[in-house]
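Notes for the one structure printed next.
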């Protein structure tokens, strides 16, 4: 397998493939930056570095790829890899638009290869347990979904740029959208958003927002509310809850290590600050699921429909934030 | 002092006046129900029971009253008590409409008596500590406010009736609105709501919703999201948090007593189920604050403007839920 | 009723009798200090202040008393009040020695009055819930009892003095001993202690220890371990747990208000710092139980045997700490 | 490297060497049981299985070994591997007696190979953070150490047998002893223990105890109390705390996944049930530390003196439990 793009998340995937994912072997990465090439050197096995996807496809025999390039390049990368007959794991979102999703889907369908989108929280043991609990009927009928996602540091403006990342909603709140669809087992039919660039000058300079709240309506009548922030300095804050007519289930806590310091000012403890800290095991489980569905020729646990619908909702919420009007889907 | 109406919250006020509030004496209550009269009997001191407010005002010398009647009767009760020269503590909301608020205000202004509205969470030690923390700059500039309020049991249809209680938003989410205005030290300028009667047939039968999520926009640009539910069977769920550009503060936890049971199925503990459990101390502190401002002739810690603005937002959010459109204030 | 001695805990009892305990009226206190007399003045009702117990008994008609004088004076005070025909609530420990306990018991038996010892944790809702849980069989057969008690500030040397207070074990770990006997429903048959004055010069100067750990053996074979400290600067740390062969129950948490502050250094919250914060409700419930057993002529919920056995264990543990040998009871 | 013995912990070490430890390669294991051989098959790479250590040493070129056989065989295995010139990582305890420790030390000294003992908690991020915090002075001078270790299921009698495992203290409380010496940075000079077979018939049948509490005295005057249980059905309960004269630090919590279920009976969550769940990362970090000290020829982070002193304390505590007398070291 090869990893296309070894930025922050691409490097994590490369490490996981090299060390922790069973029945897979990392043989190459693409990166145009010297920094990426250097970081790959410490990986076990012989990992070749190609400056471009073209050169990778020309120079290396592969079974599958992980597309972890910038979001704007996802569709083209998926199309070329599919055309080369490679199974594709693509980081979320599959595309910046619904049309892009459809192009990518057409390419993999034509090539007859597998496509799996990186809905990592579906592989987090906490989310899996919550899903199991909801499906078992433990909370009755789900009626409200609440979620929040916050990152310690805002991205650099060139990554925050909506033309590159899709903006806060597509880039970050995206996770809370697919998680909500999955946990509630329902489609989202209306969104309304408030958002603004209140903190980060870089985010503002490229025309995006750094904080947003979005109201959701599900097809079955249930409702939801999502909060996303580029700047939660206090930690990597990922929480979600589903309230049903008989109970509720909550995912996430404001704690990382099991250590508390107690002094005259009170009680103090840490919380997770990075995705690697918070989602480390889930990132391994996710790639393992992709590898397994390729090897055993089974369906991807994240369907194209899930990825497309999530992009659709995210695009609509982004539009609502800028128009001030609710958007029906 | 007297308590007008000894339903659930009126009875708590009567008990607090009789036992726990300093420099005050409960001498009478009004209640048209035999049940209320019976429950008052166990209070210390001689507490007279009058069937109507008229008879109370005619038959008892008083300095001040607590209006704890049904919301629909608040304005008339405030007007009559003010006209009788009594200082008035009125349960929230002051009225079902902004116009009603203005009528009540005119009455107390004319009479030259004090008016305090029951914004109880401003007297909860947790909320007070959070406010102090925010005002001290500990979290930087506040940018997002999130809150949730849920009651274990839905009210009877006759109380849930929007003509009586104002509906879910005015009756329950009201607390999260004034708390948000207070913690954020800002006015709310736009609301958008989603809501529905998803669970309780009684609530639906009177034309109200039992669950709602509301998006807020503050004048200074910050945003918020509120969730209210008539039916959180798992407990009386009151939580609020403010996220700033340098930190965050959270109020509320899902725990009541400091006891945990551990067995083969995991770890188990309780959570508060009633307002008396969760807000017991705050209800005493609130009445004490009213008594103190009467005795010392100081300003009420809850202003008429706070009460009016909260009703205005709540009415707008209720309208948005039914119209499907955002409402500017 | 009257309160004998209005030092720290005596003042709390006086306030509770005056304001919160039903069917009781505080009419007098004794105190030899001007400070105590001043603090009593703000209590509601007319509370007379007598400089000595003699003068109180001579000058005031009473039904019952709360003995909250220094421990060394407990026995004499109980004897005199009993001789005067008064029911007695006596702060723990009843005496500094088993012989003292027996003298006090003889006095109340002879006078035919009631005696209740201040085992306050038996009235804490957390401890009560834990007891209920254990007795219901939820944890199976109890096999290990663990407890810790810590005070934020060490007492002044004149109070820490073992001749006055009995020392750390009789004064503070005492609570963990009776709680253990009660929760485990068993007698303690052997103790071994380690202790030293490691921190506080004042405690050391009067020949006491400021930290101790004590091992327990129960008659039925179960075992226990207690920790007490005069100086847990971080808070008033009261925790206890019982481990059974099928589960466990824990009492106590390191948290006071439901507020968390989150910033770049982590998550921060408070914990209780005083007995009044941690045990406020229990202190009221305890006095109410005494008043109720006097009024209804029922047995005291804390028996003389409980108080005597606790003193016996505490004295033995103190001896073990100084001798370095286990002590059988 | 090879793993000697692939029982429960040996298999974890084999998996970690095969998958997660850098700069190391697992080439062989020894096991006399078919079951062990089968479980090794799924490991990546070619891992040979030898029925005995003799055959391993004769048939395989090696640099280092992990000794994970039964404790009773540790010394002989260390001697033979050292004689073969192999660096040795040995599971705790190094031996069942101090004399055994000395024999093992003599062998590795003579052979000039490295020896590291599996004090895994020194590699747990929580314990490391607590140590850092204590050493930074955050809690002042440490005065009390409290710890508890409990296993969900008791071992089979043949493993619990004191002649095989050393008994509860050497096998399980061992961890709390070395952790205490490390966190307190001090030697233990006196122990007193209470213990009994209260629950498990199998443990009783081989003459061991299933629950124990042990009091400790440190050279510098500080004290401690340890609790160990073979049967904490509610979870794998590992907690430790150090109380200083200015604060305290606590390790461990009763929670595993970040999921809470809330229903009418209260709030419910899980806790860790196995060492792999609770100590997974620490087991990898520990082996990595061994590999690193071999590769870079640096000192083992766990010294022979640490291992020997821990065995000495554990043996003394075991003796105290059976004799009923404190034991000075």
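First chain written, first letter: the chains are A, B, C and D, and each begins at residue 1.
The definition used in the following text is that a contact is a pair of C-beta atoms (placed from the backbone, for glycine too) under 8 Å apart; a residue touches a chain by one contact, two chains touch by 3 or more.
All values derive from a computational prediction rather than experimental measurement.
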Per Cα centroids, the chain farthest from chain B: D
Between chain D and chain B, distance of the C-alpha-averaged centres to the nearest whole Å: 56
Chain centre separation in whole Å, for chain C relative to chain B (CA means): 39
Residues of chain C engaged with two or more neighbouring chains: 233-234, 246-248, 250, 254-255, 260, 262-264
Chain contact graph, described as a line, ring, star, complete graph or other shape: complete
Complex interface listing, chain A residues touching chain D: 19-20, 22, 44, 125-126, 129-130, 133, 138-139, 246-253, 255, 257-264, 270
In the complex, chain C residues that touch chain D: 140-141, 143-144, 146, 148, 150, 190, 192-196, 198-199, 211-217, 221-225, 227, 229, 231-234, 237, 243, 245-248, 250, 254, 324-326
Partner chain A, residues of chain C touching it in the complex: 233-235, 254-255, 260, 262-271
